[in-house]
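As structure tokens, here come the structures.
In the two complexes below, chain A is the common chain; its partner is chain B in one and chain C in the other.
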Partner chain A sequence: MLHLSQISFILPELIIFLSGIFILIYGAFSKTDNFSNINILALMAILIAGLSVFFIDDYKSLFNNAFVITPLAKYIKLLVLIISFLAIYISYNYLSHNELKVFEYPVLLIFSVLGMLIMISSNDLIMLYISIELQSLSLYVLVALRRRSIKASEAALKYFILGSIASAIILYGASMIYSVTGATNYNIISAYSKISDENIIFSFGIILILSGIAFKLSAAPFHMWTPDVYEGSPSSVTTILVTLPKLAALTVLINLLFKPFIGQVEVWQPIIIIISVLSMAVGSISALKQENLKRLFAFSTIANIGYVLIGLACVNEDAVQSSLLYIFVYTFGVLGVFSFIMMLRRDDTQLVNISDISGMSKLNPILSLFIAILLLSMAGIPPFGGFFAKLYIFSAAIESDLLFLAISGVIFSVVSAYYYLKIIKAIYLDEVVEDIASNLDKKQYLIIAFTSLLMLTFIFYADELIRFINFIYI
Partner chain B sequence: MNVFFFLFSSIIILSSIAVISSRNPVHSVLFLILAFVNAAGIFVLAGAEFLAMILLIVYVGAVAVLFLFVVMMLNISLEEIKQQVKKYFVSGILVGGILLAELIFSFTNLDIITVRSDETHEAANKLSNTHEIGKVMYTDYFFIFQISGCILLVAMIGAIALTLRKREGVLRQNISNQLDRRKENTLEIVKIRKN
Partner chain C sequence: MNSFPILSSIIILPLFGALVAMLVKGSDKEISKNLRDLALWISIVELILVVLLCLQFDQSNDNFQFVEKTVLLTKFNISYFLGVDAVSLTFMLLTAFLFPLCIYYTKLSIKYRTREFMVCFLLLQALVMGVFSCLDIVLFYIFFESLLIPMFLIIGIWGGKRRIFASYKFFIYTLAGSVFFLISIIVMASIANTTSITELDNYYFDIELQKWLWLGMFVSFAIKVPMWPFHTWLPDAHVEAPTVGSIILAGILLKVGGYAFLRLSLPILPSASFYFSEAILILSIIAIIYTSFVAMAQDDMKKMIAYSSVAHMGYVTAGIFSLTEAGIKGAIFQMLSHGIVSSALFLSIGFLYERTNSRQIKDYSFLVKSMPVFSFLFIVIVLSSVGLPGTSGFIGELMSVLGVYKFNSIFGFFVAFGLVLGAIYMLRLVRQIVFTIEARKETTLKELIFSEKIILSLFAILSILLGLMPNILLRFIDSFTLKLLLNF
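== the complex of A and B ==
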């Protein structure tokens, strides 16, 4: 049962939930068009929830150990709230340009964030499944929200059907683990997995759950939906799709692998290694021929998830810390890139192709510089953040005697440098086609500047960040 | 009990065959409902009365009726579907064969598949299943129960957001306007000139 004293431990979730209900009622009953008020309300709610994270105690478990608060969970929650704040902040003008100014948009986003927050803290297979469902169901509707667009409807249908299959696979795996251990709680499952020998049904359950979560992470070979869904959904929703669910799913994966499944490393380590190499290969090679920026960054996401998984495949704490560092750098980098994609407009249409931004440096030199920094960082060129993130991942792999993972990582990051540099070439060397945007969105510009400065100055705060990650994940 | 088990299961098998072989799609759905009801009967025999009732309410009450609506609203021609049977014949036999082999394997090697029996079940046997589920649902699984409610809310918001259209020029009844109407506002007496 929930006692009154326990409410303070689920404070962010409670605030997010209540504000979602409040915004829903406010939006449904106010007759005038007041999307800007609703937007501000949503931003305030997320801001307050983010501040409330600092008031939670660590190492608490609630609801019969189904919900735990570790330092990792706490700060990933904070990161999710920060990213969702920025994602709502930059998408206001995009939403008004693209017929998406409906009050359901922030409400669904808030419920999706609620699902992610619970996912991050879940310590029980039922809790995990329910929160994943809440998170993805809201996202399916968000993708479909632009009803007039055929592409968005197609993307939503694909996302919905494949996502439901992934959820069903997770549920199937959970039922197998329950049949062997008689429990859904991670603590009991981890006690079982440490003492038991190899059990075929338990291993099967682990494999099924990992496949389902790899789908949510869009790691190859479960990546098929990614390019179509990212291309078809509105860019503001794509910004959310490439950042938030990845953070939540990665935390879930870390919690699962290093707690209930830790006794069965020999079962899941090869799977993570294979998924990681495949994701890097598919992501880097398929992106080479893409002309559409959203599709290109969909493949880039797949490749980046591959790098993140290297850290998990090493099965030691330092490597997981480097994964967390990588996902931090990736999230902010991709946030900057997608606010740039949202910004690209000519007349009344959104631009999505590389050819549309050719010669941009002559007209917008400062913006082009910021974008170049972001892209160079993602490609892993030395002074920027992405380089150090990759460096830590590869050195962790070498220390754990997984030399071939590090080598394939380096090879594929060289391959992927090609398409990042292709965009930079289009911006700096190609002829001017037409001015992209005479009135650039201030908010999006601010986020692009912020993220690119974050990548540029990474070297100055890297030590503090690594020490902090050391502190949150021991 | 054995007699009822064989009765229910044979009706399930027969009606499942009827589902895929009957010519009229409405009949198929009705046979599907028959199969669901008999499956509920088997659950009752196994002592899972809560599951039986849920099966009746959810599958018969909601899902099958939804199927019936879809079948009646969309004009599905069965001939087209029947023509595709040949296309999927080989793969269907293959999948069916694999499932059969798995069943045979698991029944001949019951010792490999160790399913943990629930020790606590005997002690708590005094209460009915429904009581038991209710007790944990509102205590141990309170939080999960609330989040399930959230999921239903999101489903509702989504369904409304995706289908509700705010069209211009839709005629709606406005009761207060109707009641406010007076004879003077609307009636005009015109004198017709005699010709």
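== the complex of A and C ==
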């Protein structure tokens, strides 16, 4: 039973849950159009939850070890809350421009964040499954929120059907592991996996669970849904999709691989390697032909996940730390890029094609510079953040004798430089077709400026960041 | 000794200028004038700073001087580590000399988007200075690679008709090469657990490993130099780049490759450098002879000069990898000389292009009548490019050939044969555009205006000065060369 004093350990989850319920009731029963109030409430809830993270003790476990709090979980939770705060903050005007001002939007987002928070802390396969479902179901509805758009409905249906299959696969895998170990708790599975020899059913369980998580991470070959869903859903939802679930799923993956499955490295290491190389290849090569910015960044996400997985494939602590560093840089970079995509409007329509931003540098030189920094950083060109993230990932791979992973990583980063350059070319080298709306959204602009300065000055705080990551993940 | 961080200020000053240029407001006309002046002044101050640096430099000391060091990342101890020796100072001086002239010349050539141009140019200057003065291999890579961004924009925005293709080819080609350099860096750093060039110099890597590391670095530098068969980006980039872009590309960026061989490949991986030296000489000979023939077949003057650059850089790589004192000194000399001469050649072609909008050889004839001053200066520069005694080209090429002769006399013969080929196409160019009149109409063009004369004659004078007094430079790089050769 949960003791009253233990409530403090689930404080962020509790706050998010209660405020979600409250906002739901408030939204349903208030008659007037009070979206801005609800928006502020949601922001406040996330802010308080974020602050409450600092009051949790480390290394606690609750609910019969189904829920653990490690420093890693704690700070990833904080990051998730920060990113979701920013995502709500920047999308307010986008939502009002695109007739998405419904109170369900913040509510669903909050419930999905709740799912992610539990995912990050889960130490039990059942807990994991439930939280993944909570997270995914809220996101399915968010994708479908633009009811009249055929593309959005298509995206939602695709996401829902494929996502459910992935969840089912995770459940199937969990049942196989249960059949062998008789437990769903990570600690017991971990003990089993360390002492047992090769067991085909156990291996199958691992493989199935990994496949399900890879789907959530949109890693190739489980990436098929990504471009369509990202393109079809409203940009504000895409912003959430490219950042939050990736963070949560990566943490789950790290927890799974290095706790319950650590005894079976020879089973999962080749799988992670293959997934990683495939993701880099698919992401880099497929993006070359894309003209739609959202599709392009969907593929870029796939490629980036490939780089993150290099760190996990190395099976050592330093390498996992570089993965965490990479996902940090990636998350903020892509947040900036998607604020930019949300910002692009002309005559009451959202712009999504590369050709729409031709010649932007002449009219908006400072904004163009920020975007160029973000893109060059994602392309891994020094001296920006993305380069150092890649440097750490590649050095981790080389130090773990996985030279070929580093080499394929650099080759695909050259390929991907091409499509980032394509956007820079449109901004700087092409002639102006038509100006984008002159009244740029201030909030989005702020986030773009913030993230690009973050990438520009990365070298100055990189060491501190690494030390911090080292501290939270030992 | 001197606690003032002079190297940092050389790097930061143009960065600061770029920041100012980015932020100022005003009408287009005012901005373009004021920013050009700003950039010009900054580059002049840079020149003064570098000259001061040269004066304070202690020639008898073969260690790095004016060292600044701050650790940036604890991983591998990647640090902000600057310092100069004779060879890096030589190239910094070349850079500092070329930039004010280029910026001065932009008054005549860059007609639109001046603000962006000045930002790119100042950034480029900061990064080039960084490349030549840093002593940390990761920092070197950062500067080396970031050079691509401003250069991409310079070719892409102010270039010719196929500028977008050319800028892409330049960027992707160079990037593809340098990522292998990155892999080599990481492997070296993870074994030696340091990225400082001075410490890596003293670290001995296993010979088999050295070969692989060397190859990874080689791909990158060979593309930058460029060596045959990695040179195909160069003609495109040169032809499409605006004149000032070509000057910087030929005058400085190509030298970065040669400098990297001297700074990194030879001292850090001596055994591998020795192992591959014969192969490099063969590639250089192919470059010299093959690209000379290609240059002969060109109708486009700029393309011709671009191919001749490849041939001239062939002497540089041949000289470096002859691993002899004469060869290395010759190579450094040749790089400096080529920096001056090829810039002047591109500038001359730029002058002609602005008058007629054509780079075809067949569109010009008998310029000696309408443009006597231009013709005179052009001939001086061409002669210095083909290596006439008394010009800078002669010393560089002669010493490189001597070095190669010492290494292998058959190779020496071929390299020397290249000198003749170079003379053939360059002199033919002069004959066709300056002197020939038969069967073609005489081209009447406006003579160079005063500022054009000044710029071009500065190059010509400098080239002759270096040709007559080569010892200034040769003595300067004496201790560097000897220290380098101690590795072999």
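Keep in mind that, in the parts below, the second predicted complex is superposed on the first by the 474 of 474 C-alpha atoms of A that agree within 3 Å, B and C clash if a C-alpha of one lies under 4 Å from a C-alpha of the other, contacts with A are read in each partner's own complex, and residues count from 1 in each chain.
As a convention for this text, a contact is a pair of C-beta atoms (placed from the backbone, for glycine too) under 8 Å apart; a residue touches a chain by one contact, two chains touch by 3 or more.
Note that this is a predicted model, so its numbers are computed, not measured.
Of the two partner chains placed by superposition, A:214 touches none, neither chain B nor chain C. Shared-chain residue A:463: touches chain C; no touch with chain B. When the shared chain is aligned, chain B comes close enough to touch A:63, but chain C does not. Once the two complexes are laid over each other on the shared chain, residue contacts for A:406 go to chain C alone; chain B is not touched. In the superposition on chain A, A:354 makes contact with neither chain B nor chain C. By the document's definition of touching, of the two partners only chain C reaches A:417; chain B does not. In the superposition on chain A, contact is made by A:391 with chain C only, not with chain B. In the superposed pair of complexes, A:382 makes contact with chain C only, with no contact to chain B.
No residue of chain A lies in contact with both chain B in one complex and chain C in the other. If you check the complex, the residues on chain A that touch chain C are 361-362, 365-366, 369, 376, 381-383, 387-388, 391-392, 394-395, 398-399, 403, 406-407, 410-411, 413-414, 417-418, 421, 425, 428-429, 459, 462-463, 466-467. Taken together, the chain A residues at the contact with chain B in this complex read 1-2, 10, 17, 24, 62-64, 66-67, 102, 104, 107-108, 111, 114-115, 118, 124, 126-127, 130-131, 133-134, 137-138, 140-141, 144-145, 147, 179-182, 199-201. Residues 112-116, 118, 139-144, 147-148, 150-151, 153-155, 157-158, 160-162 of chain B are the ones touching chain A in the complex.
Taken together, the chain C residues at the contact with chain A in this complex read 22, 71-76, 113, 115-116, 138, 141-142, 145-146, 148-149, 152-153, 156-157, 163-164, 167-168, 171-172, 175-176, 179-180, 182-183, 186-187, 189-190.
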